[in-house]
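Notes for the one structure printed next.
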Amino acid sequence: MNRDPPNKQAKKLTGTEISSHNSRDSCWVIIHGRCYDVTEFLPEHPGGPKIILKYAGKDATEEYEPIHPPDTLDKYLDKSKHLGEVDMETVEKEEKEEDPEEEDRQKRIDKMPILEQCYNLMDFEAVARGVMKKTAWAYYSSGADDEITMRENHSAFHKIWFRPRVLVDVENIDFSTTMLGTPVSIPFYVTATALGKLGNPEGEVILTRGAHKHNVIQMIPTLASCSFDEIIDAAEGGQCQWLQLYVNKNRDITKKIIEHAEARGCKGLFITVDAPQLGRREKDMRSKFSDTGSNVQSTGGDNVDRSQGAARAISSFIDPSLSWKDIPWFLSVTKMPIILKGVQCVEDVIRAADVGVHGVVLSNHGGRQLDTARSGIEILAEVMPVLRERGLDKKIEVYIDGGVRRATDIIKALCLGAKGVGIGRPFLYAMSAYGLPGVDRAMQLLKDEMEMNMRLIGAARVEDLHPGLVDARALVAGHSVSAPTDTLGWRVYDPLAGPREKIVREGSKL
Amino acid sequence: MNRDPPNKQAKKLTGTEISSHNSRDSCWVIIHGRCYDVTEFLPEHPGGPKIILKYAGKDATEEYEPIHPPDTLDKYLDKSKHLGEVDMETVEKEEKEEDPEEEDRQKRIDKMPILEQCYNLMDFEAVARGVMKKTAWAYYSSGADDEITMRENHSAFHKIWFRPRVLVDVENIDFSTTMLGTPVSIPFYVTATALGKLGNPEGEVILTRGAHKHNVIQMIPTLASCSFDEIIDAAEGGQCQWLQLYVNKNRDITKKIIEHAEARGCKGLFITVDAPQLGRREKDMRSKFSDTGSNVQSTGGDNVDRSQGAARAISSFIDPSLSWKDIPWFLSVTKMPIILKGVQCVEDVIRAADVGVHGVVLSNHGGRQLDTARSGIEILAEVMPVLRERGLDKKIEVYIDGGVRRATDIIKALCLGAKGVGIGRPFLYAMSAYGLPGVDRAMQLLKDEMEMNMRLIGAARVEDLHPGLVDARALVAGHSVSAPTDTLGWRVYDPLAGPREKIVREGSKL
Amino acid sequence: MNRDPPNKQAKKLTGTEISSHNSRDSCWVIIHGRCYDVTEFLPEHPGGPKIILKYAGKDATEEYEPIHPPDTLDKYLDKSKHLGEVDMETVEKEEKEEDPEEEDRQKRIDKMPILEQCYNLMDFEAVARGVMKKTAWAYYSSGADDEITMRENHSAFHKIWFRPRVLVDVENIDFSTTMLGTPVSIPFYVTATALGKLGNPEGEVILTRGAHKHNVIQMIPTLASCSFDEIIDAAEGGQCQWLQLYVNKNRDITKKIIEHAEARGCKGLFITVDAPQLGRREKDMRSKFSDTGSNVQSTGGDNVDRSQGAARAISSFIDPSLSWKDIPWFLSVTKMPIILKGVQCVEDVIRAADVGVHGVVLSNHGGRQLDTARSGIEILAEVMPVLRERGLDKKIEVYIDGGVRRATDIIKALCLGAKGVGIGRPFLYAMSAYGLPGVDRAMQLLKDEMEMNMRLIGAARVEDLHPGLVDARALVAGHSVSAPTDTLGWRVYDPLAGPREKIVREGSKL
Amino acid sequence: MNRDPPNKQAKKLTGTEISSHNSRDSCWVIIHGRCYDVTEFLPEHPGGPKIILKYAGKDATEEYEPIHPPDTLDKYLDKSKHLGEVDMETVEKEEKEEDPEEEDRQKRIDKMPILEQCYNLMDFEAVARGVMKKTAWAYYSSGADDEITMRENHSAFHKIWFRPRVLVDVENIDFSTTMLGTPVSIPFYVTATALGKLGNPEGEVILTRGAHKHNVIQMIPTLASCSFDEIIDAAEGGQCQWLQLYVNKNRDITKKIIEHAEARGCKGLFITVDAPQLGRREKDMRSKFSDTGSNVQSTGGDNVDRSQGAARAISSFIDPSLSWKDIPWFLSVTKMPIILKGVQCVEDVIRAADVGVHGVVLSNHGGRQLDTARSGIEILAEVMPVLRERGLDKKIEVYIDGGVRRATDIIKALCLGAKGVGIGRPFLYAMSAYGLPGVDRAMQLLKDEMEMNMRLIGAARVEDLHPGLVDARALVAGHSVSAPTDTLGWRVYDPLAGPREKIVREGSKL
């Protein structure tokens, strides 16, 4: 039954051998058919030792895979701890507990709508919700606290209404533009989102290929499942990529990352400023995803409280002391344009312009950080009139992200003065449900909508979009919250009924 | 069994013969008992070749009927391709697949409410939704994108509240008025809507008869199921009709249409300006209505992407380059008053007045084009004060359409300055559910409501309506969108309960 | 078996005899055991002949009873048509069709909550909804068109929020006041509502008794089920009553009514000015209540279209030409103070003060007339500042009605300047569900709430209430209507879940 | 079977003996194994005699326990009425009726989520709702009238949105502050709530221990289940406590209470000014909790109407004549700082500053008193700008309570100028569901959220919070109430559907 040649077999470690190293004192794990001694690494693991110990003496590949870039072990574990290949036939397969939720999911996968049934970006989310693993869905879809900001992000666009112009020649529609000097086919970019392999085994490179196909820019996330170089390598034909950066407490690490990105051709550095600590996302916490970590920049020996769930664990390397006084240093270490991602009020936009960065992304981090923070589109409506008044609107490029689902959302942002918009989750959902064809179709749908809606608003080119084409007063008028409902009164009220059916008596047809 | 005389039989084509012409190379179809060779026409079909090939070698009548005016084949297919009569007895009947939805529909038709149970215009929609074929319902009822504008159209009227005057002599109510000089009995007209035969086999002529009975004007749609002349011929006793025009890229065709309409007595030319491209209506796309087309003005040889569904296919002949500079030409080719249908902001209304057209319809095309475009009634509230200030309110007539369901809606529009309102879908639904009696009752209900509400607002005549009778401030104050709900909080809240039932113990009555 | 004495029996009509008079040519009906020849009256019946013909030759008592005051036949049918007593034993009992709804209702009556379970005015409505006959419920509870105004009436109060004062001595609370000079124990009156016997066989006199018990004023409705004199006779100990008047086209009838009311001691004449025609109430129409009529003032021979349902039939005697020029006549024929009931904007209130009437009721007729008319409380907020500015607030008394359900509603109205409020439906519901004890409890609950809330707002007496105690800005800021919801987006959103239940495994307790 | 020694047995009263004293004429009850003659006390019982009579001749312990502090009998019943110990074995156990609701509750308790599943304060409420006794839940969770204010309290915070500052050094977050001079670890205190033993047999001392653990202040309620001294005794290590005071009609009692509190170390006197009478809470009344009373300060012989439910009964000793003129007396009898709890408009805050008190709590009593009273946070937004303008913001400390559930709520209150916030129900729910560990976790969750959100708003210390960090315009713009919905229209509307599932035919996998 064992068909391996004896000599090769001799070199490999066996499951039995490994299984005895199953404690804090000696902890070996199998990953991708190789064994590693992580005993000494346990206290340093950014995701906490507990999740590793769960797999002590066992195969941890399935858990490890989506949340660690492939070069993680080489980078963070001394070669001496790489114990060699394992004879996987000798490793006991764990019987998985029956999980009725998982069975239901498999049934949903069997009945998954065909790709052509997706007619808009919401549709990918509807499909992904049904077919993704629960923990992965929870990680992607969750927001901070009550998820009010997360939902506000899209609904804020519904406060803006169009004032289209008719009888404009819209035969030839051209919605191409430039972003930080790079020509793009449509004014959106793929913004950075973490842990792509939770949704698809290939991870972020799928987004790279989709971006290439549609000639849009991809922003590479610090917390990607693929390694930075994998994502860069997946780019084709001079395809433009940007780097999203969480700033490490250890500035040497940060500097190395920036220099490497610049060397590999990145055309923009987006410093995340809205996440000195990663947000509490309760849906994620409830989904028992608490054992995950993706951090690739551990400074080692830190002592963060890991009882607070994944988000805080992952974020342990991020420097919460990052401040305006650090910006000149960034400007000094790179020639890439620097953009602050996550600015949330006009005062900070002005300051950003003053310190000499090249742009800002008005963003609340997809509603994943501070709940009841305002939407990017609302901040935009606050920012642009002031920038114009001060003549700063030409000095820096202003982007927004959060809640963009329709081409009309993009058009509204551009009317109000944005240079472009970032889109994140929708492409993750398309990728999770359908892989690259999903991402391709999602982008194509946006282009179709864009052509249609540019025509209907009476604007043939991006330059034709201006504030007069929208009524955005509701956006700046604040946030209405209806008075609590009168539950007694509504219960008593007898709603109007429509016409009553004809009564067809039994046998009346005889 | 075959009782046809042999000589006549000899001339007819047989099903077997035709069925061999079932490919792109040779494609024959049967329509209304006659055979046509459409092989060469395939690439020119505005609805795309695919839908025709589905019926190659077969009887296509049922699919063809509702979406092509009867003169289509004569107009667009060379006589040489008219192959003659078919012996229908020799044509194999296709067995239709069992369709559980269709079975349910038949049951709903059996229990359809009697006409007298319809007390308002919403009721016809409720009935039609149940008894119409799914694809037909989807085509009529769908709107653009998220259908926000479609719903806003009616709900915008609920932002306007009445300030009635009491103790006015309202014994004799007269709500007749004129539109473009034509006297009408009530200030609405039947606006143009496409593909009437989807709802009723007779199509738009039913609306013609309803309009005649109630002395209101019908606007004839370009994309009617009936031919223009059929609709004109259905008019009686000097009944006034208008023409709705999609402008063809080929201006000769357009000119011919206009001249023909004028010759046949049309009293107004309504140029649609809000549809350089027909909208994406996802409900319609989902309903698999993708194979439909009704275009009667193909310019031939066009190469539009037909994968985008019916709407884009139908619209392929429409000229997206139509612009203000074309208006003088229209004014030069007809003596009919010209009205721009689909104007959506005050700037364009002023421009319309400046170029000398006779009116505008403030409309968003029933919410079928650009989503989050404003409602006609809201645009009206923006437009009229400016027109009055500039003395233009007497120069052009201003109409609105979209969302009108109650006489109170009509009265509100007139208070704010509209000359009249267009009503589309409600009559389609009434026609689809009940035919002409439905249309008749729908119009009568509006008249009954009108008399009642004119009395109650204290206005005996249309001239007595003025802005002081309404509070429309909410209409111009923008679009409130509530902050996202607190789902956790609401889930936890224990709603108030009413009085508890008496507990009747088993046997307590013994 | 027939135990009646032969001589008396001889005089009585028999069912057989009567049953032959069952047509338009000869139409006899039995009411309360007496037979009437209504053949000639048929065309004059304000409710139309159809409903009478349904009972031609039969016993019509059950249908007749609730909607005609007892003196109707004496007043409107010539004595010669009173054919005498009927031997009811000879009259065939009609078998009623089984009605599953009625069976359900009987079950609900069995489980009807005990009166002590009603803790607020809404509770009576909840109970009445379950135990009233469907047609009666429909008549009382229905409103005009979409019933938007009907619901707005109560919800408008929720736009007003309190600004209570603390540390005020509120040991002794006194909320008595005066209305048109009459002292009352609490600032509400029982407003006029039609057809009281639909809810309770005794009708409006129950309200008279309740009003007496609580020392509040009752306004007697023109369209009462009880006769005017019955209601007056039911009053005790100098109890104050007012008369609500629909003005008859025949002013002699009107004058007689007014003089009679004054002679019988009525202390106020409330002329309804918001009902030149009675409203369309679709719920009522759907409930097949179309055959009802209560009109006691037929001018005879009128020719109104009775196909429009009960409301229009009942209202046929009302004079739609009533106008401001008639007011001096009213002032000349009575010494009772005259109040216009149903005024709806400040312009008309000023005019009312100018013509010398003594008060107005700001009202939209319980939402039963013109839909999207404003609530009384909103009109009040518009009216009072203008009256105060012009010094008219002392000249006329201003009342409101519509939607009052809580003592807080009363207090809000008084803070804004109302002299008192009218309450209608809640007492009808209390009466329909529980008779006089229900009305008594409803009034007591209002008093309890009143004492409590006067304390909590920091006002010991009615005079202490003033506009500074409320924030009513939302009331005057117009009517917000949220943008239509994003149905796709909300469907996709995954609402937050609470803590997950512990999984208790089968057998874990063994 | 009876194993008690005969001599001891002889002294004890027997159940049989006691059971004959079961009437108004002679009423004995057993409490905690001792018998009391309460015949003469019946008319004095603040909760009314009825509830006592229900237990006449029986064991009343279970009913008595949660709502009377342990020293009640000693204080209010003459020693001569203490009849001595009871031989509990001779007392008949009452068979409880089967209660299906109680059975369901027991099942819910079995499946109660583990404490770690509670991720926010709402979660404790969700759990408590399921596992608390219905009457206890009703008492804690109910609000006044329609509970509009109760819900507004939390939802008002959703009108405030953040304007965070980025690139602020937030490495070290310190949200400690002081309240009335006492240092606390986080700016909230445990506010006073009544009847703690309804939720947990130990009562308020659990909150004392939780407050100690987290270094926050506890406000001791007048209507506690534990006695004042028990709560004081439970404090450890100089833990700060405040006294909440309902002012007794008998000022001597009040004075004694104040002096005792000061002597025992209380550091603040919070005089409740929003409850001259306790509110009507209908949910509470419906739950049949009508027989409860907790009043420990009966003035004896009062004659209040006890038919109005628990709240009014409990409140009978409270002095409704308390007014501004009493404040100097309070200032004269204590050196504790005096704070008015329940102030609700800026006029009264100014007055409070003028009379020399040390602070105010802007509060509507948890929505339990006057419905449609404004939320504390809204009043705060009204108050602070005026105080700042008059230079009074440094003179008095301003607190708010009501609806605080998230650290973001606390931060918003501090941004607007509050010194701190009171939190009540959430800790009651945590205590009711999980005891002290629940309270501990609830407080810890707030601290975790606080650290996170201070970071995310860009404020390292409490002093860094200021009005510019929030957009609170919606809070001061009044209370929007949407126009009533268009029930007909919404019923007819066909909501958008997502992608359709693939049809998997039976057997298609074969």
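First chain written, first letter: the chains are A, B, C and D, and each begins at residue 1.
As a convention for this text, contacts are C-beta pairs under 8 Å (C-beta built on N, C-alpha and C of every residue); 3 or more make two chains touch, one makes a residue touch a chain.
Remember, predicted model here, so these are calculated numbers, not experimental data.
**Student:** Among A-C, B-D or A-D, which chain pair copies the contacts of C-D, with over half of them the same by residue number?
**Tutor:** Looking at which residue pairs coincide with C-D, the repeat is A-D.
**Student:** Just how much do you need to spin chain A so its Cα atoms sit on those of chain B, in degrees to the nearest 5?
**Tutor:** 90
**Student:** Count the C-beta pairs in contact for B-C and for A-C, then report the pair with the higher count.
**Tutor:** B-C is joined by more C-beta pairs in contact.
**Student:** Per the centroid of Cα atoms for each chain, what is the distance between chain B and chain C, given in Å?
**Tutor:** 42
**Student:** State, to the nearest whole Å, the distance from the C-alpha centre of chain A to the C-alpha centre of chain C.
**Tutor:** 60
**Student:** If you look at chain A, which of its residues touch at least two other chains?
**Tutor:** Residues 117, 119-120, 122-123, 126, 146-148, 151, 155, 158-159, 282, 286, 477, 479-483, 486-489, 491-492, 496, 498-500.
**Student:** Quick one: which bits of chain D touch chain B in the complex? Just the residue numbers, please.
**Tutor:** 120, 122-123, 125-126, 129, 137, 141, 146-147, 151, 154-155, 158-159, 282-283, 286, 405, 480, 482-483, 486, 488-489, 491-494, 496-497, 499-500
**Student:** For chain C, which residues are in contact with chain B within the complex?
**Tutor:** Where chain C meets chain B, its residues are 110-114, 117-119, 122-123, 126-127, 145-146, 148, 273-277, 279-280, 282, 285-286, 308, 319-324, 326-327, 340, 342-345, 347-348, 369-374, 477-484, 486-489, 495-496, 498.
**Student:** Would you pull the chain D residues touching chain A in the complex into a rising list?
**Tutor:** 117, 119-120, 146-148, 150-152, 155-171, 406, 408, 448-449, 451-453, 455-457, 468, 471, 473-474, 477, 479-482, 487-488, 491-492, 498-504
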